[in-house]
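What follows is a set of structures for review.
Two complexes follow with subunit A in common, the first pairing it with subunit B and the second with subunit C.
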Partner chain A sequence: MKKKFRIYMPFVNAGMQETTTYRANWIFLMIGNVLGCFVSYFIWKAVFISGNNENMNGFTMPQMVVYIFLMFLTSTLISSGGTYDIGEEIRDGSIAMRIIKPISYNSTFLFQELGNKFMTVCILIVPLVVGVEAVRCIFTGSVQFNIFNFLMYILSCVFAYLINFFFNICFGFIAFIIKYLWGANMMKNCIVGFLSGATIPLSFLPDTLERVFLILPFASLNYTPVMIYMGMYSGVSMIYYLALQLFWVLTFWGLSKLLWNVSIKHLTVQGG
Partner chain B sequence: MRQIKRMLRMHKIFVAQELKRMMEYKGDFIVGIIGFLFAQCTNMLFLWIIFRQIPSLMGWTLNQVVFIYGFSLIPKGIDHLLFDNLWAIGHWTVRKGDFDKYLTRPVNTLFHVMVERLQIDALGELIMGIALICITLPSVAIQWSLLKILLIIAVIPFATLIYTGIKIATAAIAFWTKRSGNITFMFYMVNDFAKYPVSIYNNAVRFIITYIIPFAFTAYYPAEYILTGNNPLFNIGLTIVISLILMVIGIFVWNKGIRAYESAGS
Partner chain C sequence: MIYVENLRKEFKKTIKEPGVLGSFKSLFHPKTEKIVAVNDISFNVPEGEILGFIGPNGAGKSTVIKMLTGILTPTSGKCTINGRNPNENRKSYVKEIGVVFGQRTQLWWDLPLRETYAVLKEIYEVPDDKYHKRMAFLNEILDLEKFITSPVRTLSLGQRMRADIAASLLHSPKVLFLDEPTIGLDVVVKDNIRNAVDYINKQEKTTVILTTHDLADIELLAKRIVMIDKGSNVFDGTISELKSKYGQIRELHFDTDTENVKDILSYKEHFDFNDEDITVETEGSSVKVRFNSEAVPVSDMLSYTLGKINIKDISVKDADIEEIIRRLYKQGV
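The block that comes next holds the complex of A and B.
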């Protein structure tokens, strides 16, 4: 364990340095995304003003605000760039350099990204959580922060990140078939965005669709952590959804191993 | 005159080169177009689900909102199709030192960068935009006149130039900072505000997207004119003025940036 840690530590470091080097660029990216949140905010505000109900499919306006910003925080925390990196490496042949080293291919990506993530968490989580809690406090008149839900949210985010990571690795192997990953990635992001509730809360969908979507792995990405944080899943249902997340982590982990073993035999590197 | 002729001839050569490249990777380009089609489809699904809950969005019907959304895709798609290469400047061309190649050629750098690539993915947006307009057109009850049709045709290129101008100016920041792709991205996110009726925003947002980062003129204002026929002077006239101002700013920043540019080495 200790030896493993020593091997992968440089990757964590590299990830951290990558983020700090281009911090201005990163900040602009985040500002852009927050602006996107505000677009959703205004649309929902107009929706709640236009509708007669104070409560829409289980959401009130303040809850919707909380939902939008938690969605942004969660998707930033669990984002994973594996698809693109693997695709690029297969294309330009530099994958060979990783394969000849006596370390696990997936783990190098994982640890590099953990370094990246560490910086993101440090910068983002405090202001966003404080902001979200302030909104809740203003609307309800009392502090809603629940430390248990928060801890469960973090746990759920870890699961969600692992699902996303292994899912993206599986998807990255598509580069063996499709060379143009930008388009394929865009398509994937749209589908995942919709099925995971990032576009619209799943409870707004027709009943049968909602039930199907909740079981699919995508709801385990964004929706489950956010629902846990908001206290909408509790007791048995919280345990159920966490277990479902764990199930998907293991499934995609296994699948990525399998795909790796199959495709590595078909890998041909030109140059590199 | 001779210079314009030369530029047009060069543009033709660049486009021909691009088409050859595309033929080589046919499947990939279809994937790209479908990708952008998908992105718009999920947004439509979002609007459709929302409108299941409410009769109208602050007085706007689903068809009207979709019409404005569809119109917004036209200038965006044209700019994306023709001048997408500007994104690359801010993201990696300058940072990797590849920009030097433009400086060594006897062509205006900005012209060269702009016409070098054709981004076929944009057809996804254009197809969707035209489809949405065609679907909603019968039900939004527009009163047509010859003047209106002429004004609409005239305003589309100018609305496109709003995108192009902002992209040139933000890409040129990379000449000082080496990397500005996400600044362009940030401005583009503001553009999302303009796809919906401006009346749903508060005054501050409305002021910003009208006068500071005037994306509202790429979509909502011209579309409002088409739908209602109100205020042609503001909705159409100001679109043209603002697009020209942005192009001047863009070219000015670009030229300043070229002078400040130091190669990143490679």
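The block that comes next holds the complex of A and C.
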């Protein structure tokens, strides 16, 4: 275990250095996300103003605001570029350079990204959580912050990130078949955005659909952590959803291993 | 050390018919074709030898290297390196080999070079004291000091290649695969790299497989060459064997003030040479004649030439390996 840690630790380091090297890129990415966040804020505001009810499918306006910003925080925390990276490496053939090293292919990606992630978390989490709490405080008149929910939220985010990472890795291996992933990746992002509740809360959907979506792995990505933070899942249901997340982590982890073993045999290195 | 038996690799390739219409057709009903990149290749390399692995572009050299390093799985046939199969237990296999692909880098693009080596040290589990000794040694033979703190993306090609070779040697591999390590480099860096490879080979008995298009690499480093073309073995032996087998080619150089040398001498008619056995090139007053000394002995050529025209300066040279290879590539054997 300790040996493993020593081997992969440099990748965490490399990931952090990458983020700092291309910091302008990082900043623009974040600004873009924040802008998108405000766009959906104004859309939902319009929806609530034109609707007559104070409560829409279990969400009040302040809750909706919190939901939007938490969604932004969560999707930033758990985002994973595995699909894109693997796709690129397969497309230009540089995957060969990873194979000639005595390391696990998936793990190098994971740890490199954890390095990136670490920087993002350090910079983003405090201002955003404070911001979200401030909004809640203004709307409700009292401090709503719950340390237990927050800790469970972090745990749930870790699971969500792992699901996302291994899911993306699995998806990336499609590049072994179709060679270039850009289009497929766009499609995937769209579908995942909808199924994970990032576009609209799943409780807005018809009952049957909602129940199906909640079991699918995508709800475990964004929706579960946000619901936990907002205190909408508690007690048994919280344990149930965390266990479901863990189940999906293990499933995709196993699947990514399996796919790797299969695809390595059919590898063709493009170029050179 | 390295045994390669009847290695074969086939690829499936989608064929696109020409034009936009063809693109549409292949979108819905792709036609595939089997391409044999490596047909049937066998060779052995004993421990501590440098093997020159050559062939024209597209001969299948890189594909063979990729199979030997465990990147590609052979369609059929066997390769054993160090008594191991590269496709089984990849992680522990690649610990014993070093690989350099001249056209790609194994260094981390965004990290300073020194960090890259630190990462490699952990990956290959090199102990601290060994690592420091090794770095000092590599520094000496490859002269890394000047750019070791720069990020890899800022290195020049020559620096990058030296850094890449150092990276492949950090863990003292038993076998070193060099796929075109001197591609695109200037003479000084080429020399530097050749010396380093030679030194490592002599000091540590590292077995080296070297592919290159620069035959000076081969002549200076390799004792033996394996030549392949269209996925099959063409030649396997030492350089002197290659010379004696494929060409008693000699080059006759002389300066003359006689005009129209070609017509006066007309070697071909006089000695009844075959077409490929003789070429005559003139440039100003200097003349270069290449001929097969098995067809006509050197002494006959000399005395005939000296008797026919007025000569200022004359020399006879062994054809270099480049000439032989050129003939072989052209004929396709």
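Here is the rule we use: the second predicted complex is superposed on the first by the 269 of 272 C-alpha atoms of A that agree within 3 Å, B and C clash if a C-alpha of one lies under 4 Å from a C-alpha of the other, contacts with A are read in each partner's own complex, and residues count from 1 in each chain.
What we mean here is this: a residue touches a chain if its C-beta (ideal position, glycine included) is under 8 Å from a C-beta of that chain, and two chains touch if they have at least 3 such contacts.
What you are looking at is a predicted structure, and each value in this text was computed from that prediction instead of being measured.
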{"item": "Partner chain in contact with A:M97 - subunit B first, subunit C second, else both or neither", "value": "second"}
{"item": "Winner by number of subunit A residues touched, once subunit B and subunit C are compared", "value": "B"}
{"item": "Which of subunit B and subunit C A:K45 touches, first, second, both or neither", "value": "first"}
{"item": "Subunit B versus subunit C as contact partner of A:T199, first or second or both or neither", "value": "first"}
{"item": "Partner chain(s) touched by A:Q17 [first = subunit B, second = subunit C, both, neither]", "value": "second"}
{"item": "Touching both subunit C and subunit B, counted on subunit A across the two superposed complexes", "value": "22"}
{"item": "Contact footprint of subunit A on subunit C as seen in their complex", "value": "11, 62, 66, 69-73, 90-92, 94-95, 97, 99, 101, 103-106, 108, 110-111, 115, 118-119, 122-125, 151"}
{"item": "Interface residues, subunit A side, partner subunit C - complex", "value": "3, 6-7, 9-11, 13-14, 17-18, 21-22, 93-94, 96-97, 99-104, 264-269, 272"}
{"item": "Residues on subunit A engaged by subunit B in the complex (per definition of touch)", "value": "22, 24-26, 28-29, 31-33, 35-36, 38-39, 42-43, 45-47, 49-51, 53, 56-57, 178-180, 182-187, 190-191, 193-194, 199-200, 204-205"}
{"item": "Interfacial residue positions of subunit B with respect to subunit A in the complex", "value": "25, 27-29, 31-36, 38-39, 41-43, 45-46, 49-50, 53-58, 121, 177, 179-183, 185-186, 188-190, 192-193, 196, 200-202, 205"}
